[in-house]
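The next part holds the structures, each set out as structure tokens.
Look at the two complexes coming up: chain A is in both, with chain B in one and chain C in the other.
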Partner chain A sequence: MKAVLKTTVLTLLLLLASSFAVFAAIRLSGGDVTAARLPASATTEDRDLFRHQLGLDRPIIEQYFTYLGNLFTGDLGNSLTNNASIGDLAVEKIRNSAILGGVSLLLVFGIGIPLGMVASLRRNSWLDTGITSFSVGGMAVPNFWLALILIHIFATSLGWLPSAGQGGFKYLILPAVVLAAEGIALTVRMTRSSMIENLNQDFVRTLRAAGLSERRIYFKHVLRNSLLPIISLAGLRIGQIVGYALVVETIFGWPGVGQVLVNGVLRRDYPVVQFFSLLLVFVVTMGNLAASVGYTLANPRLRK
Partner chain B sequence: MTVDDTPLLEIRDLSIGLRGDGVGYDIVRDVNMSLYRNETLAVVGESGCGKSLTALAVLSLIASPPLFITGGSIMFGGRDLTKVSTSEMRAVRGAEIAMVFQDPMSALDPMFTVGTLLTSAVKAHHKVKSAVAKERALEALADAGIEDPKRRFDEYPFQLSGGISQRVMIALALVNNPKILIADEPTTALDVTVQAQILERLKDLKDERGMALMLITHNLGVVASVADRMVVMYTGEVVESGAVDEVLASPHHPYTNGLLGAVPRLNSGAGQLVSIPGRVPQPYELPVGCTFADRCDRSIDICGVERPVLEHRARTEVRCHNPVG
Partner chain C sequence: MSRFRRFRKNRQLVAGSIIGLVIVLLGVFGPMLFGDYADQDLLLGHKPIGTEGAFFGTDALGRDLAARATFGIRISLMVAISVTAMAVVLGTLIGLIAGYVKGPVDSVISLIVDFVWGFPLILVAVLMAASIGSGLVPVILAVALVNTVAIARVVRGEVLGISEREFVAASKAGGYSTFRILTRHIAPNVIPIALVLSSYYIAVAIIAEAALSFVGMGAQPPLPSLGQMVSEGRNYMRLNHWESTIPGVIIFFMVLSVSLVGDGLRDLLDPRLRTALDRTS
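Moving on to the complex of A and B:
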């Protein structure tokens, strides 16, 4: 339990540090906010006034703490492009992204772990070769390419699924599959190798000698041992899904955090980029924290 | 010692071979040994002599592939264990013949408590309530010589010392009251003081329960102190077998003789440790004649040409053309 507490404290510190890094990176990345918002005819005074209103003329540290203060009081600021409240925007975008990301995460583990187990159980069979080749393919193919190919096949040619947009389960299938593809591939490989490694451990022989059935040895003992590395890398899988969401949401026109962030960057909409970048950092960090706590709880050595 | 006439377990002409892409040679050849009720049989030999493999074959625990039983039979309760189905073998494992392994620290599943391991073993053979399984597990732990069974029941393997782990493994083997206990170098990984306690415990358990104990070891001291009969193996073959006091007092095979000569003794004065010259040939490079001929100081002409057979002598069996004594 002490380990969990330590990880939590470290995670919070990491969150604080990375929030400043994100904040500073956006301020220092150059580009003129007034060019995007004010007409070309605006005078230098007008532009300075505009920057002053946004607080951009103050030192970064000061801006950072003002922003942090506002964040904690629930004031997320307004978009520079349409003056909409970011708070209102966030609720809807987060919900959409959470649906897509959640389904992808379910696919990663719900498909990856069983496939990996099957491959390890039938190792060196045609089934194993098939699953392993499939997973190598999954790791090698870039997601934007996979997205285009799947759109071409299932939306354009076959017309089974919509190519973009949101509304109902059908719209979720393609983006979720693309988002999960690499994670599934990696989970398959890791599950397979971890299961095979544990199947060769001495304790398996002991359990066999005690008369336990192969099924019980496999699904209870070997699986439980094999899940440890999978749990410990679940944090990475979450980070991967968050990162890929930027690309996948844009391609599939999925109105989530990724899409709004990409548009925000293109329009130099500081408050929007700032908030949603921090949100992604928050999700990735929390994902890692959850994986780390999960690993601790699943491992009797660390739990005790 | 009272010995039943019919053996409980009889290994007849057992051969175990490695088969794979283009390779094929036997590692264990024509091994015969019998195990009787209420006796301790020691199987002795160097690493790689096939003693563990023979023991593992009894419960079909050899890694197959690449290893296969290539000949012979293992008779138990009127059945040939090399031919029974997987489910029949599962019913034998732990319930009739149990096994204790060498390295207790890696032989217990690290993710489960001692209690879970033991109760799973009970439930693998008996449809009983958890409370009953727990009771049996606690009894087995106590029988294995564990002082505080209730506490150990809830502990994980990493919380146990080597000696306690080995006792847990013995409890796991005992929990379903087997007729035969095979112990594969049960004390090799343990401290010397703990070794003695574990051996003593095994010996007492054998007597209390009327079990038969098959003890795989390379330690002749262990053989002398606990075993009734012994089988000496070399390069996958039995080279000598007989009553322990007989074999140890007057070994007939030069290899057994050499092994005995290599045991360090405190009263033999300072000096070098004695060893048998040469090295053990690999199973794929065995000579035509006696496999020990190259290292043997009693080697005669025939030893290089003809493989000796196991011959009955007064009270022992020896595989040698020119036996000692």
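Moving on to the complex of A and C:
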């Protein structure tokens, strides 16, 4: 338990450092903040006044602490492009992204683990070869291109699914599949190799000698041992999913955190970029923390 | 079995190497064969694949797709290989030092590693693009940073395990210098792992560069990055899907080739690495 506490404290410190890094990266940028908001005809005085209103003329450390203070009191600032409150924006975008990310994560493990198990049970059969090739191929397909192919087939040609936007369940299918594809491929591969490794262990022979049914050995004992690395992968997958959500949300026009962030960068809307980047770092750091705590709790050998 | 026969018997390695060789040859000689990638001819817009004078057809601006795609391969390979070479060398060094020296040095390195680890690669690149402007430079910096840290993490873990082994204790008792123990006894045990990891991180670099160029934060026009070509072609999927299909297929085979080589190398160098590496990738 002491190790868990230490990891938690360390994580909080890392989050604080991350918040400063994100802040500094954006404040030290060469871009002109005023360009996002003021018309091209604005005078130098107008621009200086605007910077002063935003507090951009003060030292960066002071700005950082002001920003942190505002964060804790719930004041997230406003977008530079349309003056919308970032707090309101955040609620909606986070909800959308959480739906997309959650469904993808479900697909990753819901499809990846069973396929990997089947492949490990029928090792070296045509089924195994098929599943393994699918997983090697799946890791090589760039997800943005997969998105275009699926849109072309299912939206443009067949007309079964909408190509972009947000509405009912139908709108969720394509983006979730694209976001999950690489994860499914990786999970299949991990599950397969982890299961095979455990099937060759001595304890399996002992259980067989004790007369346990193959099914019981497989599902109860081998699977349980094999799930450990997959659990730790779950937390680490969040980082990947968060990263690629930026691309996938942009393609499908899914109004989530990723899309807001990419648009923010392209339009130089710094308060927006700052808040949503921090949010993503927070999610990923928490994912890593959950992975390491989960791994410790799931493995009695690591508990002290 | 001789090394060569072992190589030949390893089907993944052979297949990956052949695909890789074809792509490298296309990248090296393609731009010389197919002419200037930026040459526009608006009257020639959207010629399909197999048009005379334009092997793969042309894009909306009448630019030769073969010339653009092969130049795109060059960009992709240059970014991926240079970045990965740097990340492998630096990451291995950092991991070796942190894992062997331990103590405060290790704590500081591990803290920095954990810090960077909290940032997804794509987000680091987006932040870099926000702070120094879009282009290939932020992409290169971001991939280099994240991959160096990723490799250092794995190498450190391996070194921690190896330095507990008897042969290390024996070398220490024999009075060898830290430098000698690190270079002669520990490094040879982790370098195979770093090599196998490098093929995986070449794949990561290729995909990251393509994805960032796709959303407009990577290579800037008129430079023809493969990801950017896929993006330009997406508006004309019905008219002429080859404009995004060709670069897409090329990216697929590039990544497939390095993954196959990576898997093959892993089996060739040390079959026992199989599961250990699956966990890290």
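Annotations
Simple rule for what comes next: the second predicted complex is superposed on the first by the 302 of 304 C-alpha atoms of A that agree within 3 Å, B and C clash if a C-alpha of one lies under 4 Å from a C-alpha of the other, contacts with A are read in each partner's own complex, and residues count from 1 in each chain.
The rule we apply is simple: a residue touches a chain if its C-beta (ideal position, glycine included) is under 8 Å from a C-beta of that chain, and two chains touch if they have at least 3 such contacts.
Remember, it's a predicted structure, so these values are computed and weren't measured experimentally.
When both complexes are superposed on chain A, chain B and chain C end up sitting side by side without clashing.
Of the two partner chains, chain C is the only one that A:Glu197 touches; chain B does not reach it. Touch criterion met: A:Pro142 reaches chain C, while chain B stays clear of it. Of the two partner chains, chain B is the only one touched by A:Gly211; chain C is not. Contacts of A:Gly159 after superposition: neither chain B nor chain C is touched.
More chain A residues lie in contact with C than with the other chain of the pair chain B and chain C.
Looking at the shared chain after the overlay, A:Gly74 reaches neither chain B nor chain C. Of the two partner chains placed around the shared chain by superposition, chain B is the only one that A:His221 touches, whereas chain C remains out of contact. Of the two partner chains placed around the shared chain by superposition, neither chain B nor chain C is touched by A:Pro59. Taking every C-alpha of chain B against every C-alpha of chain C after the fit on chain A, the minimum distance is 15 Å. Overlaid on A, the two complexes show chain B and chain C touching no common residue of chain A. Of all the residues in chain C, the ones that touch chain A in their complex are 111, 114-115, 117-123, 126-133, 203, 207, 210-211, 214-217, 227, 230-231, 234, 237-238, 241, 244, 248, 251-253, 255-256, 259-260, 263, 274-275, 278-279, 281. The part of chain B that touches chain A in the complex is made up of residues 59, 61, 86, 90-95, 98-99, 101, 103, 106-113, 117, 120-121, 124-125, 156, 158-159, 169, 172-173, 176.
Considering their complex, residues 201-203, 205-214, 216, 220-221, 224-225, 299-301, 304 of chain A touch chain B. Of all residues in chain A, only 10, 14-15, 17-18, 21-22, 25-26, 28-31, 136-137, 139-145, 148-149, 151-152, 156, 186, 189-190, 193-194, 197, 229, 232-233, 239-240, 242-244, 246-247, 250, 261-262, 264-266, 268, 270, 273, 277, 280-281, 284-285, 288 touch chain C in the complex they form.
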